[in-house]
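Sending over a structure as structure tokens; questions will come in a sec.
Letters are used for the chains, namely A, B, C and D, taken in the order the chains are written, and counting of residues starts over at 1 for each.
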């Protein structure tokens, strides 16, 4: 048995107290909530994705638990980049004193919009900018997500990389592609410093008695337990394709799940839907459980299990 | 996931309030709520007014609540829940004096709580606030349940004249309650909170907020305020325990 | 309440006693097992996919229940088309007398192989040939599945259509594409008579204690409950894109699930993994439950709910 | 899903058979099996020889079973199960005479069954077949459990000389059993079946087959035969009840 387990996580020169990162879109809507996530034990927090202008999102129902996970079509509700940057600056000031990095998240309908939003949110000096090229909930409006094509995803990457002036960027990829490894290779070639894998998987939940889809948007993104094996496979594929660090995200509910994500090649682990199943305190609890798992496996730190499935 | 319920009974509570009794139970505690979905219309949070069978008390204030009022017996609605944190009775309620303060539909979940408290032999006093006599909700039913009821109306058309906090003040001065429970509009809750703080009384408040996911994910229902920082009405609440 | 519910299902001129079809790869490995599936209540049965030559498949473990569904990488074990055609002929002779149509399933590593296999199995006179362009379990060997690209999928369709000489064909599509509707449109344009949606979703299950993927093939296909919302969304997308009948497949465990699949636009419903959860008798049980659902909803037949979500 | 087990005790049963006692239970019935996974090696079906704690009796016949023999105390293996349909005891086993016929590792699940039957006050007689004396499995343990044991070896080096069906025949002639149970190689099962049919006895047979999914999906374990058409050993069996 190892006595001390070190959970600190080096990520692109950042030092996270632990590898558990609050995923984008889950309670990352205000400075107070992001500070709370950090206090409850997150190693870093990601803000809700923001776009060029304010969006109200879709009408209710916007999310349900369908038995093996959650489906949501919030519809990228956000106050727009200009309001967001103030919120992020407030959050960043308070998170710095807690030693917890802040990740901004941006989306757009065109390459130029992505760049504009990234330039604006850079003003809050986030530690990383996540580029949401994969949100399935606005497909009607924006067409196929940028994450579906190597060329589109690379174009967004190049534009955001320039706009972010020195702030590292992570491209958030979608699972509904034939080869996520190929997309990852394209965006890394185009300058991505990291990859976040994965966003939700597009799905539809139908209520047979009502005879219609449950979400007002009809389709939505699947997250939670059902997503985990898809996410692990995607992370392993990305890890085989590129050398950059990966934020492995999808279906992580426990410290054991987080360990699996690290074994598949992730450097840090995103946690979203677990907040529904176990409350906001799940962020610190998963970190504690991961620590216990490492101790029980005679490991001193994350490096001892990271990428283990490739050994 | 939504379950399908059928309306089995409709009771008129006042000129703009109806109680819908549904065809089966939803295991839930007083203070918890459910998201009610009318396919093709919308989905909104409603307090659980009784759990077995599931019962909702709906005040018609806008499009969704009016659609609920249009439902007839035998018609269906869809329910997801129970959601949120319930009120908590004292560990040994028997003989304890509990004061409840309700405004608007807020009386509905308090009645569910009052009935549980009365069953456990607590002494229950319910202060009901309303604009005018016609708006007073569930007062007779609560009396029949065995609660002491004090009514306040803004225009004095029924009970005392003024805000419901005056009734709370009177109830507290009469005998120190073991706990105060309140549900109603935010200004009422803030007033109740400041009275309880002044008297050093434990209190539980059920907060209202616009809700979307109802699952503690989307952040829509954040309650902003000095005392509740980064607090979500749907998952940390709706009931806050102080 | 309607008294009589009619479950018979017209599919490309075939008359299925009910819309529940045994999905490919599940107990469709012998004539005896396919006859049993029909006796236990399937409205049609699909044989295990066969390719040009015999394949042993992958070593164990080849399948596990991971909590929200099954993952498998059987590895397309099959005796090869020449042996398969004898098995199919035997099955067809016995199924005809039961009034239950037989669906053959073919795969190949090249367009020519697909055509060759289809030509050979046509000898058994199956009622439909399903073209498995989407099996994720042999990707290492065959590269990205044909179902990933409109052009590849269309090329296979054209070749098989010629080889199948008069037997209708259904293209079985994969969920891990940005737009399954586009693929469906391409194959229908190329001559597909029907679409089967969907095959399994590629995933990876890791055992944290063992520090490695559970399947010997590392990655496999996800099926069962977790797949249902993905399948419903895919079926709805295909139904919006093309006019041909759809065999909606993925995560159907109950008659209610089957009803949802029909509501999403399916003409018939494939059932595979439910055999693990509920036994072979599940085929007839799902049909019975669907009948009860229709009766409870005052419907006289499948037409009353088919495509209901589009109303 | 596989659960991780640790070997806590290893017993030598004969020159090529070991019993592995694991660190915790698997809720299972006699006749059920588990898929045992050694990561990076393979995964194979093994009968549950005892459920609490989980115990496996392994005959070294090839690469996988030899790897299991190489495991030391404290080492781990992975188990998925229980799988398959169990043996069934008579509704009122007390006082009933049950005859069991085992060949090879087949004695292991029969011992689990015998112990349950003996606990329920049945009279248990176990016929054990083997090639030679050294191959006889679990005979002493079954005697200690309270069963009557008849041994047959092909070379006569222990017990009677000949096939185990001769012992079954003798046991049946002595007194008609309520039921016959058998586990072993397919030719043995077929011989037992024809004896039971001849005597008009109810019987339950546990069948062997190559297994892959173990879940009734892949079709690999189909048992071909006149009496069992389209029958899967992993999910319809391994036990067939006639």
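The definition used in the following text is that a contact is a pair of C-beta atoms (placed from the backbone, for glycine too) under 8 Å apart; a residue touches a chain by one contact, two chains touch by 3 or more.
Quantities reported herein were computed from a predicted structural model and do not represent experimental measurements.
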Path length in the contact graph (chain B to chain C, fewest steps): 2
Partner chains shared by chain B and chain D (touch criterion as defined above): none
Computed distance of Cα centres, chain D from chain C, in Å: 37
Centre-to-centre distance between chain D and chain A (centres being mean Cα positions), rounded to whole Å: 51
Between chain A and chain C, centroid-to-centroid distance (C-alpha), Å: 33
Junction residues of chain A - those touching two or more other chains: 66-67, 205, 209, 211-212
Shared-contact residues (touching 2 or more other chains) in chain B: none
Graph class of chain-chain contacts, one of line, ring, star, complete, other: line
Interchain contacts (touch definition) - all pairs: A-B, A-C, C-D
Sites on chain B touched by chain A in the complex: 1-2, 4, 35, 37, 39-40, 42-44, 76, 78, 80, 212-220, 222, 224, 229-230, 232, 235
Chain D-facing residues of chain C, complex: 25-30, 32-36, 48, 57, 59-67, 70, 72, 74, 77, 205, 207, 209-212, 214, 216, 272-273, 275-276, 279-280
Residue numbers on chain C that touch chain A, as the complex places them: 66-69, 71, 144-145, 148-149, 174-179, 201-206, 208-209, 211-213, 218-219, 222, 225-226, 229-230, 232-233, 236, 256, 259-260, 263-264, 293, 297, 305, 308-309, 311
